[in-house]
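Structures incoming, each one as structure tokens.
Presented sequentially are two complexes of chain A, the first with chain B as partner and the second with chain C.
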Partner chain A sequence: MTGRLLARIVLLPLLSCTLLLGGCWDRNEINDLAIVLATGVDWTDGEVELAAQIFVPRGGAGEGGAPAESASGVTLIRTAQGTTIAEALNRLQRQVSREMFWGHCEVIVISEEAGQQGLREYIDFFLRYPQFREHAYVFSSKGKAKELLALLDPLERNSAESLREMAILGLGARVTVLDLAKGIKGPSETVILSRLLVSPSTHTEQSSIVNSPTVNGLSLYNRGYYVKTVKEPLSLGVLMLANELNNIILQVEVAGIPGIFSVRPHKIEARLKPAIREDKWSMTINIETKGEVVLNTTNASLAKQQVMAAVEQAWEEEMKLLAEQAIQLAQDELHADLFQFAVKFRRHYPRQWKAQEAQWDDIFSKLEVQVTAHAKITGSGKSTTPQGIPGSENK
Partner chain B sequence: MLTDQGKISSVQLAYMMIPAILATSILSIPSLSVQYAGHDMWMTPLLGSLAGLMSIGVAMGLQRLYPGHTLIQVCNAIFGRYIGSVLGFVFLFYLPHLTGLVIQVYGNFIISNALPNTPLIVIMGSMVLVCAINVRLGIEVVGRTSQVFVTVFFVLLGLTFVLLIRELDPAELLPFMEKGFPSIAKGSLAPAAWFSEYIMLAFLLPFINDHSHTAKTLLGSWLLVVIAMIITNLFCLLLMGDLTDSFTFPVMIAARYITIADFMQHIEAVIIAIWIFGIFVKISVFLYVFVSSTAEWIGLKDYRPLVFPASALCMGYAYWVTTGRQGADSLIRASSNIYTLMFLLVIPAALYGIAGLKRMWGNIRKGAKGGSA
Partner chain C sequence: MRTRTGGKGATKQALTGKLSTDAAILGSVFEDCSDIMFHTFQTMWGTSFLCVCCRGLCDTERLERQVLAPLESDEAGVLNFPAERSSRYLRNHQLQEAPVASLEVIQSVEQAIQGILDGQALVIKEGVPAGVLYSLHKPVGRSPEEPAAESTVRGARDGFTESLQTNSSLLRMRLKTPAFKQRTLTIGSYTNTKVLLVYIDGVIESSLLEKVQERLQRLDISKVLESQNIEEGIVDQRFSPFPQMLATERPDVVVSNLLEGRFAILIDGTPFSLIAPVTLFTMLQSPEDYYQNMYMSVFVRWLRYLFFMLSLLLPSAYVAVTTFHQEMIPTVLLLSIARAREEIPFPALIEALIMEISFEALREAGVRLPRQVGSAVSIVGALIIGQAATSAGIVSAPMIIIVAITGIASFMIPRYAMSTSTRLLRFPIMLLAGTMGLTGVMLGLILIVIHLSSLRSFGTPYLAPVTPTSAEGMKDVWWRSPPWRRAR
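== the complex of A and B ==
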């Protein structure tokens, strides 16, 4: 009995404490945070320069009629340099009155200049520093990353959002931090990043920063270092073999028919089939594509079976050519296994892979690569016969 | 003579055992098993689960030989008072060690993932306090809370995994058998150590009030744990591939990776919630076993007065077992798995063997007597 009474006497003040201790002593409210939407990594004067695009909450607009969302002025850019990326981050915080929060950073832009110094440091940091998201999309940039982040896209709330939408739309390679780390750590040791640049300024805009980022080509990384930039049409082949080619319209010319057919593929799939026969390593690539014609500047009618067949064949040839150019780039020029051939060999021939892993560079340069393409035109768009030919009805 | 008059159903017992295995394993097993077994790590729970089957078998067997006896009482029954007490003490020595480790892993996880500024003692202390209250209220309450929490545990875990499906790459299953069978066996040691925690049944089976379906129900719980563990491993592997072992808590990374329709993201808090539900049941079960065994060992009629002192002891162990995360890591890695397996599988199995032999010997003697008479 007395024990129970004692327990109550002790418990009562303890419980009443909970009324006073609301747990607010180390609160960190949203208006104490500087929310970073995008991060840029640059290389300036031999040091890492980290740029952060910080969301600026609109003061006083919370209650009452909130003004219509418009682009300008809702983000700000801060940059800082350091011998390591972590030091740069620390110095960055010195410039910002609120605690920086990186958990909403959905976009990371690494300039090609910074990429030349190697990605290792950045990957380790992004996968170690607690707040960074593994799902953040990674881009490469031609110029300074901070200039890209500073853009105020008139279409979106901020340029981070534009970049994220572009990644989702499949313009260029969609690579997250996790993919990046997987690519570099994997047996192929390569990664392909979409390359961004500031689109050439249009004269109607008032200021040079009111502009959109543009996806232009690809930055190729081998063993964690930036090695080369490729642009169209070579970049198309590279993307195609990486199975990242989306949202594209291809121009197909058929021999003997003057003019151009434009084809929009619904699906482009490159299947890599590794083979090892009698110690001879080879790779067969099957390109499977389907799409519809969206433009026909020739006089040939797509209602005719022969024309369709001819277009399909020409399209196949074009795909093959794209693929072969990309392979040549990888094998002969860069000696970089851009299309993750090594991953395929490791998956399908684990024993041979283990035995010859050390000679992979040699094997890769001499690898026999066969490309086959199969294209199917699923429709001719809204029209069948060519449109807009003057007076053709009378003939 | 049990120190708690409460009774639970075999279904409740099955529920209690699920997070007792899964709660800590879903965080640690993926990265531990991928280290050894590589891309075949999804198989390791299959192999490891055999230890679980053996533990269940030993517990059920002991229960058959000595109905209504907990493991501590079985020791006494087999070896008599003195040697039995020494053997019982071995378990009393090991149980707070294990419980302390679980508490410590919990504290470190919460600190590194949710509450970096909160003192460790507050995080661990509050959890242990709640578990101690749970334990003090008796086995019936422990059983019922686990029924509720385990349901939530599975719903949330299932939800997390369903949301991840589209990020997975099934090709990561290859290369198959890259490192060969010995590596898979080595990788299975960690799941085996976790599965051997099923030996807690030897302490809890006497509290069951429906003995008819026990075996079937327990096998059901075992199967559920195996499946959940394989699925967890598969999701980590198919998402992260070779990177799985470079993360401390791969499941957290997986949950952080979820992004659906722009608004379903940052749901790693769900994993923390799952973990807290699971760990609550796990610590409660272990604490209960520890407290009730101690009471039996000392010879108390009621285990309740021991709950808070024992909890305090476990808190102490939480600090003593390791120093920091590296220490905790080494305690759940290969060699220490053997340590765990020894206490949770080898010793009980040896007990069962001796008990069986003794019974056989007794029968032979009885038979001989009967024959001569």
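== the complex of A and C ==
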């Protein structure tokens, strides 16, 4: 008993010492962090330029919790150049008095110019550097990424927040770092990114940076390099086949009825069905869509079955057209498997895929693609008959 | 049990029957005890009597009316019998015919001393080497009130008092069965406190009963003022921060536990009784769990489990996450914490320690201070901690929230002893969190679990019925089965 007691008396201080010897190792107070909210990658003078949007923790403390600053929050932008992205990051740290913390960087913007130099280096870095999130959303930008980050969106706390919200809302393609890596590494070797630009200032704001970023078209990447920008309506087809088309209103024109029906789809789904018959590879795409009419500028009443059927048919045609244009772009113009056909073939025909993998580019260019569309109008909105026709009530 | 009476070796003697000798012996034992009353008197027939009692404890009015008056007015003269006819004669006669419900014939001086100190009245007849002790206790203390520390919305409103008799009758009122047993022991060499070991025959395991009886008898302490004095002496693991006996003021809690095969110890002079064996989960149960709707009980019970963990871990988790694992905080929350912490001069650990220590100090001050000043302390405390500390930039607002939630959480633990142990353990875990982050928190938790799984309360594992697992016991841990689904 006394031996055990003695052991305890000796061990207790010793063990406490080991605790203190740990010495708050790895400790980092929040006050000592520069929290990066968004990262931009640009290409300037033949070097990588890394931009970081850093949160400035001002206001709020003290005055009973009432934030002193405006809701837009305070951020600052710091940029640095380097021959590699890691070097740029290293130089960036030299300009900031606190340790840069990338764990909350939820948005990464890569300019098209930087994309032309290849994404490989960036992907490797974002997946290797410990702090970056794999679930950060990736965007492409028309101009400099740092200019986008510098915007002060009046609606959100900062532009990183507005970009993140846009990605969640599904404006454009929702691509994370992980998706980006998987797309490039996968058999198709392509990726589609939403393309951002600074919306042209329409109203007289105090300064040009008080503005919102705008999603405008898509940037297409093949084999890790930027290849092309597509805009509406072509981008709609691309998004549709990538199953990323959300929050859209389509204009449908019916032959023989002057005017336009606007349809807001609830659901747009493109199902890819690969087939190999007698060594002939083919792909069938079924587009399934359901939606509601939100505008009718024609005189036709949606209460009539044949009008409804005509609208549905016209809508189907339109979807088919969108899809075919997108496929044509991929097959004939870019020779890039934008819609991950290769993934489907690999999944459904693993043996044939393995044998023919090397010839995939050839196969893809000659691939027979069939598009079928099925559209269903689930509602005519709040009204059935056309509204606002002068004198229609008198008939 | 040793008895220190202050007598000069006189205690082993027997009563002589010679009044002058007996009076001298007792007089020397009770030297300088002004509350002990000696009264010698003679009847008209010439027989002498000695009456000794403690003035405060013995009901002298009843003594006079029921014992002394009949003796003195011994009209029949039966008392004038020759005294040499021994105590057997006395046993059959007058002294025992006094209209008193309970009396006892004794021979030794020691018994006489005990009886007098207990509030009984001793009467000795000249020439008879024996005495009679009359139980003429004066009712002392208060009547049962609602226990302050364990209130329920629905349930019995009476609580134990300082009087052992009242307490035992409160139990008997609820357990009208001869299987409800009470064993009396005397503990404390100076206080000679009466202690009741109560149990239900046939429900309790006899080995458990023997174990506790043996431990109580082996207990060698000088004073028993509160149940804690006994608890410390008889628990399995004396150095554990966790309570291994449940202290309660509620008779209904005692009865319910007795019916579940536990024993209880009632102690004279304190309203707190001790119940054992207990487990961690019984410490987290409130009597009200059984008095209200089952679903509500289960909800409240889970709420309690959650807040038990919060009260133990919340400040440490906050410190660990904000100083080591910032990526775990949702972005928007991190930004507001960063904004709030910007002006704070201390690291999060120091900030947490300042707040937790001042909270504990405030609570202690609130308990200790006289009632009249208590409200002033709470106002000052709320003002200083809540307002001034944040506006002066010493403590950040999120930390105030954390400390407040932790405080509420510790008040949610129904057993005060359990809530004190979590309050205590919070500090080492906070230090671990401050030096090693969540790894440290886990380390602390692992140490606590190791300790808990080795802890036993009178042979019952402290983590039962979760480990060792018993499906039957689980019914009262994870949820609360209705009575017909439970074993007993």
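Convention: the second predicted complex is superposed on the first by the 361 of 395 C-alpha atoms of A that agree within 3 Å, B and C clash if a C-alpha of one lies under 4 Å from a C-alpha of the other, contacts with A are read in each partner's own complex, and residues count from 1 in each chain.
The working rule: a contact is a pair of C-beta atoms (placed from the backbone, for glycine too) under 8 Å apart; a residue touches a chain by one contact, two chains touch by 3 or more.
On a predicted model such as this, the values are computed, not experimentally measured, just so you know.
**Q** Any idea whether chain B or chain C touches more of chain A?
**A** Higher number of touched chain A residues: C.
**Q** Counting only touches as set out at the top, which of chain B and chain C does A:368 meet: first, second, both, neither?
**A** neither
**Q** Let me test your reading of the model: by the given contact rule, A:232 touches which partner, first (chain B), second (chain C), both or neither?
**A** neither
**Q** Applying the document's definition of touch, where does A:37 land relative to chain B and chain C: first, second, both, or neither?
**A** second
**Q** Regarding the shared-chain residue A:357, is it in contact with chain B (first), chain C (second), both, or neither?
**A** neither
**Q** Let me test your reading of the model: by the given contact rule, A:186 touches which partner, first (chain B), second (chain C), both or neither?
**A** Only chain B; A:186 stays clear of chain C.
**Q** Please indicate which partner A:135 is in contact with in the superposed arrangement: first for chain B, second for chain C, both, or neither.
**A** So A:135 only meets chain B here.
**Q** With both complexes overlaid on chain A, does A:346 touch chain B (first), chain C (second), both or neither?
**A** A:346 sits against chain B, while chain C stays out of touch.
**Q** If we overlay the two complexes on their shared chain A, which of chain B and chain C does A:103 touch? Say first, second, both or neither.
**A** Both chain B and chain C are touched by A:103.
**Q** Find the residues of chain A that appear in the contact set with chain B and again in the contact set with chain C.
**A** Overlap of chain B and chain C footprints on chain A: residues 26, 103, 133.
**Q** Quick check on the complex: what are the chain A residues that touch chain B?
**A** Within the complex, chain A contacts chain B at residues 26, 103, 127, 130, 133-135, 176, 178, 181-182, 185-186, 346-348, 350, 353-354.
**Q** Contact residues on chain B for chain A in the complex?
**A** Spelled out, the residues of chain B in touch with chain A are 112-113, 116-117, 171, 174-178, 239-243, 246-247, 253, 256-259, 265-266.
**Q** Which stretch or stretches of chain C touch chain A in the complex?
**A** Going through chain C, the ones touching chain A are 322-324, 326-327, 331-332, 334-344, 347-349, 390-391, 393, 396-397, 431-432, 434-437.
**Q** What does chain A use to touch chain C in their complex?
**A** Residues 19-20, 22-31, 33, 35, 37, 55, 57-65, 67, 73, 101, 103-104, 106, 131, 133, 157.
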